[in-house]
Every structure is written in structure tokens, then in C-alpha cells.
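Some structures are shown below for you to check.
Each of the two complexes below includes chain A, the first together with chain B, the second together with chain C.
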Partner chain A sequence: MIRDVRLALLSLVYETRYTLRNREAFFFTLVFPVFLFVLFGAIWGRSGSYLQLLLPGVIGISIASDALFSVGPVIRRYAENGVLKFLRSLPPRTLAHFGGTVANRVLLMSVSVVLLCGVAAFGFNTAITKTMVVTYLLGVGLGGWSFSAIGLTAAFASESVSPRGILNLLYLPMLFVSGAFYPISILPDSLQTIAYLLPLTHLVEFLKGQNMYGYLLVGWGLLFTAAAYIVFCYRQEER
Partner chain B sequence: MIEWTIVLKSAGLYLVLTLIHELGHAGGAALGGVSIQNVGQALLPVPHFYVQVEPFPTAAHKYFFFLSGPLLVILVMVGWWAVGILFVPSVYLAGATRLLLDGNPFFSDFTKMIDDYQYTVAWYVHLAMWGGLTIVVARYCQFIVASTGVR
Partner chain C sequence: MSISAPTTGPKPDSTAASTRDRISSPGADSGMNRTASQPVDAEVNAMFDLPSGSPSPVIAIDEVHLQQNETTILDGVSLELTDEKCLALLGPNGAGKSSLIDVILGYITPDAGTAHIWGQPFDTVKERVGTQLESTPMFHYARVQEMLNYACVAHDTPYNRARRLLQRLGIEDLEERLVRVLSQGQRKQIGIVLALLDDPDLLILDEPTSGLDPFVRKQVWELIRERPRTVFFTTHIWSEAERFADTVTFLAGGHVLAQDTAGALLDACAAEQKVDVPTDHVPDALRKEKTAVRHNGSLRFYTDDPDSVLNHLSTSHRYSVSPVTLEDAFLHLSGQV
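So, the complex of A and B:
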């Protein structure tokens, strides 16, 4: 058990160093959310109410994209190039290794949330309350879990199609109707109905303080954790 | 509510500008004497049209090929400005969207034109300039909307 915790911590340190040294990972994890917030805030943020909508929106899409693209495709690559098999042959549990990976994403997304709140508060005079910060950090956990499970399921769903391709097809339509950048109420009724069925809308609404959507996120998490387990086991048997 | 007819008109014009952009690449390849291997569309990583050519003989051929698409779009937009239709909301929206997509630092011809360009210091400068241009273009769009009364 102690060995597993130590490995998870070592994995956390290694993954964090890797993310900070990898220029692409660094940009998309820490710079891009701030860039998006500044861009949209500078264009439409003259009214304070828009910034109150934008901040949870940007946090929501950052959590979703991070979880979708940095867990499923990575584990599938590990499965394809034999790293997973190698990790299984080592005495510590494979789960301990991935525990570090997940902790790294949670840590960096939390840092990103704090950065965004800082930019919103000091750059745009947005009122940030403690409740908002707690909700955002809770959103990192809940959203991170449910979207990682969705990403894992999608990554192993097809052997022939690239996981990033499938995830882009899932993510981009959700991005435009989730209400992250504008209120859902301006969309046509049919699109609004679709929007409220999608997990990204649930995450963004939860971050806006609609706690009911947290239960829906738990539902997505449970559903796709089960789906990811089934698809993963099926693919492993195939190999 | 958004005026959806404006959005639909813009989408149509945007498609026309996209085809003009690809035509610019094809023209650039033909003028530079580079053979075109394929013209088509792809869904991944994001839906887009493309012109595929044989390997470029020199760096100048490469730059000319990649710049010819955005330059032809700019030329068409100058033409629209000359005949006085550039600031019609649907035309401006389509033109601005195409211009911003052509110059974006993430997935545009610029990223293919220069090797190992992304996430360098020069690329961050490009990102900041593109962000600034986006803000100016979007604010002017708000000004047009306010002055014409179209939403």
C-alpha cells in the first residue's frame, strides 16, 4: 500500500514536470483558458453579467477538453505500444501509476481555475466569492471524472479510427451549444433541447451554481465508467 | 434572439470564401509549377477543405503556395470594400470569420508554412497579435450591428 502511494506520488511529480516542460501541454493546460477568457472578456465583457457567465463557461470547457483528450487517448496509446503490459508486469499496481496521472490533471486544472479566477478578479473586476471557487474546484473533480470516463470509452470504442478524431467529433458540437460563451436561451428551441441533454451543458450549468446538474454529472460519470470498463476489457480480450 | 437569416447568409458567403481560399492555393501551385495531387475535403481533425500538392522544390514555392490562399481572400474582400458591400452585416461576418481563421495560430496555413513554429516565442507573439485582431474585428462587428440595428 505504502509502495503504491509512493509510486502514485512519484508519478504525480513526473507527470507534472512533463506537462510543464512540454510546450503544447503547458499552453493548453494553463495559457489557453486564460487566453480565451481575456479574448471573450475584452470583446463582450463590458457588462459584468457576461463575465459571470464566461468564467464558469471557460472553466467548464477547459475541464472537459483536458479530461477528454489527456486520459483516454494516452491510455489507448499505452495499450497499443505495450507500455500497459510492461506496467502490469511490475510489482506496484498499474492503478497506482494512473493515480498519479489523474492527480496531475486535477492539480493542474485546479491551478488553472485559480489563475482564471485571479485574471477575472484583477483584470476584469469580477466579483469572485469563496462559494464560486469551491464550486469550480468541485467541478474539476466531477467534470474531470465524468469526461475522463467518456474519453476513455470513446478512445477504445474503435480500433480503426484515431481517438482524437472521435473526441473532436464529440467535443466540438457540444462546445457550441453548451452555453459556455453565450446564454443557451438565444439558441433555437430544438437546439436548446439538445443542449440540455449534453454532459458539457451539465458541467457548465453546475459551475454556474446550479447544483442539480452535479447529480447529472455523477450519473454521466457512473454510466461511462461502466462503459469504459466494458469496452476496455473487450479490447484487451481481443488483443 | 439572433437574426438567423444573417447567420445563414454569412455561412453561405463563408463557404464561397473558403472555396476562393482553396482556389488561391490551387492557383499558387499552378503559378509556381508545383503539381496538384488532390483537391478535397476532410472531417478530421476539424472539417476542412484542402489542396494537396507534390513536395515543394524550394522554400519560396512553399511560402507562395501557403500564402496564395489567404491573399486571394483578402483581394476579394478589398473588391467587396471597393463596391461598398464589405460592411453589410452578413458580408462582414463571413469575411471577418474567414480572415481570422486564415490567420489563426492553431490550425491554419501559417502552422504548416514554418517548421517547428508552434509554441515558440514567435508563435506567442503571433497568438497575441491574432487575439488583438480578433478583438478589433469583433468590436467593429458590434459597431455595425449597433449602427444598422440588425441583431
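So, the complex of A and C:
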């Protein structure tokens, strides 16, 4: 057990180093969300109310994209290039390694949230309350979990199609109707109905302070954790 | 000599029985060479707390069948490997070698049959087993030192052990490199270091020296044989099997074609020498008199008396004479010659 914990901590430290060395991962995890916030904030941020909508929106899409693209496709790559077998050959449980990986994503997403809050507060004079920060960090947990599970399911759903292809197909439409950059109320009624069925809308609404959407995120998390488990086991057996 | 005849299809029962009978390693006392089917040994060892030196097999594979996408990968494979012996698993690409290793390590569940290490699944004994797979798995943005340190923590082994192994292979300067910039050969060497990190009692190696130059191959084998231990390996460098393995197993089409010492398998060729003559250099008289097989643009004559072939050739003819090898034995046993 002690060795499992040591390995999980080491995995957290090393995975964090790997992310910082990987320029693409570093940019999309920490720089791009800030860039988006500054860009949209500079264009439409003269009214403070838009920034109150934009901040949870950008946090929501950065949590979703990080969780979707950094967990499922990476584990699929590990399964294909033998890293998963290597981890299984080591005495500690493989979960110890992935515990560190998950902690790494939570840490980096939390850093991203803190960075965005800092830029909003000091660059745009947006009022940031403790309740908002707590909600955002809860959003990291709930959104990170549910979108990781969705990403994992999609990554193992098809052997022939690239996981990133499937995930882009899921993510991009959600991005534009989730209310991250503008209020959902300006969308046509039919699109509004679709938008409120999508998990990214639920995450963004939760981050805006609509707590009931947290329960829906738990539902997505449970549903797709079960789906990811079934699909992963099926693929392992198939191999 | 006890080589099984070439088989053309699945013969689970006879294969299993004959394999068990045949596996005794060279030099082993056949009377003492017990199998997992003798529970008395296990009970006695347990009573006296004697885990090492047990006569029960280190690896026992029994009637393993595996199908994937309606293709038969393993077809009733049975093998046993006893303590401190070295077994080489040889066969052409697609013979099922890597799949068999996956079954032993529990990465693939077979459709039928069992594979055990010291009578248990791999997961429960992996502290004592070093593994090296065909392609060395790497975290792309890790440094070599980080990758090795990670494995050291996982094995509860001091990092000095990794450093010593790097020095033995002469690659200590790789420690600070990112693994993504390593060559295939360097990755292979790191894979060997990972396998040997905890000084395991059993090594399971999938092509441990492929892609390495002869000097590094020699160093790798010195490390593997640094102390007596049980080794199960696959290779496409068949001369290594001839040199290092106590037992050589030919796998073809997912089943065991033959298994014995390298020397006994070589005897299956029914000739000690082979003469290769380029096809366009073979005189008609020789073609008529001797039986030959086509081999890489040459005709190959198997004979105990090379002069009987060479007498047909003039000084202008090109040819080569060499002793038969395990490749020749495989070709004979698989009916290709």
C-alpha cells in the first residue's frame, strides 16, 4: 500500500513534468484558455455581466477539452504501444499509476482555473467571490470525471477510427451551443432544446452557479464510467 | 533423440502428452524431473518451507488454445520449463510466439488451457519475474533516468542497481536523454535494464536482442547469464538459441512443432553440412544426381559429404559449404525441405 502511494505521487510529479515539457499540452492546458478569455473579454467585455458569463464558459470548455483529450486517447495510446502492459508487469497496482495521472490532470486544471480567475480579477476588474472559486474547483472534479469517462468510452469505441476524430466530432458542436461564449437564450428554440441535453451545457451552467446541473454531471459521470469499463474490457478481450 | 514428427493440424491430446514427456532438459535427471501434476512435491515443499529448488516447473503451459477474429493463434500449446533452465521459442513471424508470452503474463485470456508461473498466475508472482516485450514501452516525454527511477520505486530497488546495469551496457550517458529521441537499439537496451532491474529469478524476453549490434548482443547475454536463473525467450537470431538455450521449441501455425535440445534438433536434418550453389551455376549432372531445395536464388544440397557435390563443380563455380543450423532443422521438421 505504501509503495502504491509512493508510486502514485511519483507518477503525479513525473506526469506534471511531462506536460510541461510537451509544448502542445502546455499551450492547450494553461495558455489557450487565458488567450480565449482575453480575446473575447477584450472584444465584448466592456459590460461586466458578459465577463461573468464568459469566465465560467471558458473554464467549462477548458475542463471539458482537457478531460476529453488528455485521458481517453492517452490510455488508448498506452494500450497500443505497450505502456499498459509495462505498468501491469510492475508489482504495484496499475491504478496507482493512473491515480497519479488523474491527480496531475486535476492539478493542472485547477492551476488553469486559478490563472483564469487571476486574469479576470486583475486584468478585467471582474469580481471573484469565494463561492465562485469553490464552484469552479468543484466543476474541475465533476466535469473532469464525467468528461474523462466520455473520452475514455469514445477512445475505445472504435478500433479503426482515431479517438481524436471521434472526440472532435462530439466536442466541437457542444462547444458552440453550450452557452460558453453567449447566452443560450439567443439560440433558436430547437437548438436550445438540444443544448440543454448536452453535458457541456450542464457543466457551464453548473459553473455559473446553477447547482442542480451538478446532479446531471454526476449522472453523466456514472453512465460513462460504466460505459468506459464495458468498452475497455471488451477491447482488451478482443486483443 | 526425441523429436516429434511434424504435425499438420491440431492434436491436443497427443501433443500435450508427448510434450510433457519430452521436456526434460539436458542434463536433468529424468527420474527427478517431476511436473505440476505431482502435488506431493508442492505439499512437501510447503511443509518444510522450501520454495526454491522445487522440482515443479517454473513455467507450465497446458493445452492453451487462442483464437482472435476467427484466426487460430495458439492451437493446444503445452510447455514446461524447469528451474534455472533456458528455453528458446523459435518460429516464423505470426507463429504465435508473442501471443504465447501475452498468455503467460495474463495479458490475454486463452479460450482454453492454462499458463502458470510457479503454479500461480503471473500477477501473484510478478515480483520475481523480469519481462521485456518486443517493443520497449516508453513515456515519450520522460527522461531515461525518470523512467528507470519509476521502475525502481515500483520494484523497491535502489537506483544504483539501474545505474550499474547502464554502465555494464555502456549506456550511462543516456540517463539524461528524453526517451523519445532514443534509437530503437537504445530503447531495446533500456528494455533489458528494466527487465533485469530487480535481479529476477525468471526472465521472460520477447526478442531481447533484435536490432542490436553483435557487441551489444554479447553484453546483453552476459547480463542475462550473470547468475543462474530461468530464462524464457523468443528470438529471430536463431544462433542465439543454439548457443544459450537448454531447450529449443519450434512453434509453427500456433502449435508446437518440435522441442528438444538444439543438438538433437540439428540431428533431424539427417545431414551435417549444406552446400549452397547459385541456381545458374548448378551443372545439369548435379541436378540429376542430387536432390536439392531452392533457397534465396541458390540450390541447397544437404549432405554429410560435401565433396560429393563439389566434385561436380569447376573452379569457376561459386558455392558455399556450411554446417546445418536450426533454420535447416525447422525447414526439415515443418516439411518444407
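The working rule: the second predicted complex is superposed on the first by the 239 of 239 C-alpha atoms of A that agree within 3 Å, B and C clash if a C-alpha of one lies under 4 Å from a C-alpha of the other, contacts with A are read in each partner's own complex, and residues count from 1 in each chain.
Just so we're on the same page, a contact is a pair of C-beta atoms (placed from the backbone, for glycine too) under 8 Å apart; a residue touches a chain by one contact, two chains touch by 3 or more.
All figures in this text were calculated on a predicted structure; none of them were measured in a lab.
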Just checking: does A:168 make contact with chain B only, chain C only, both, or neither of them? Give me first, second, both or neither.
first
Check whether A:39 is in contact with chain B, with chain C, with both or with neither, and answer first, second, both or neither.
first
By the touch definition at the top of the document, which applies to A:85: first (chain B), second (chain C), both, or neither?
second
Classify the contacts of A:14 with the two partner chains as first (chain B alone), second (chain C alone), both, or neither.
second
Considering only the touch criterion stated at the top, classify A:23 as touching first (chain B), second (chain C), both, or neither.
first
Counting residues of chain A in contact, which comes out ahead: chain B or chain C?
C
Quick check on the superposed pair: does A:6 touch chain B, chain C, both, or neither? Answer first, second, both or neither.
second
Which of the residues in chain A come into contact with chain B in the complex?
23-24, 26-27, 35, 38-39, 42-44, 162, 164-165, 168-169, 172, 186, 188
If you look only at chain A, which of its residues touch chain C in the complex?
3, 6-7, 10-11, 14, 17-19, 21-22, 78, 81-86, 88-92, 237-239
Can you list the residues on chain C that touch chain A in the complex?
68, 102, 105-109, 126-127, 129, 131, 133-142, 146, 149-151, 153-156, 178, 194
Quick check on the complex: what are the chain B residues that touch chain A?
1-2, 4, 43-46, 118-120, 127, 131, 134-135, 138-139, 142
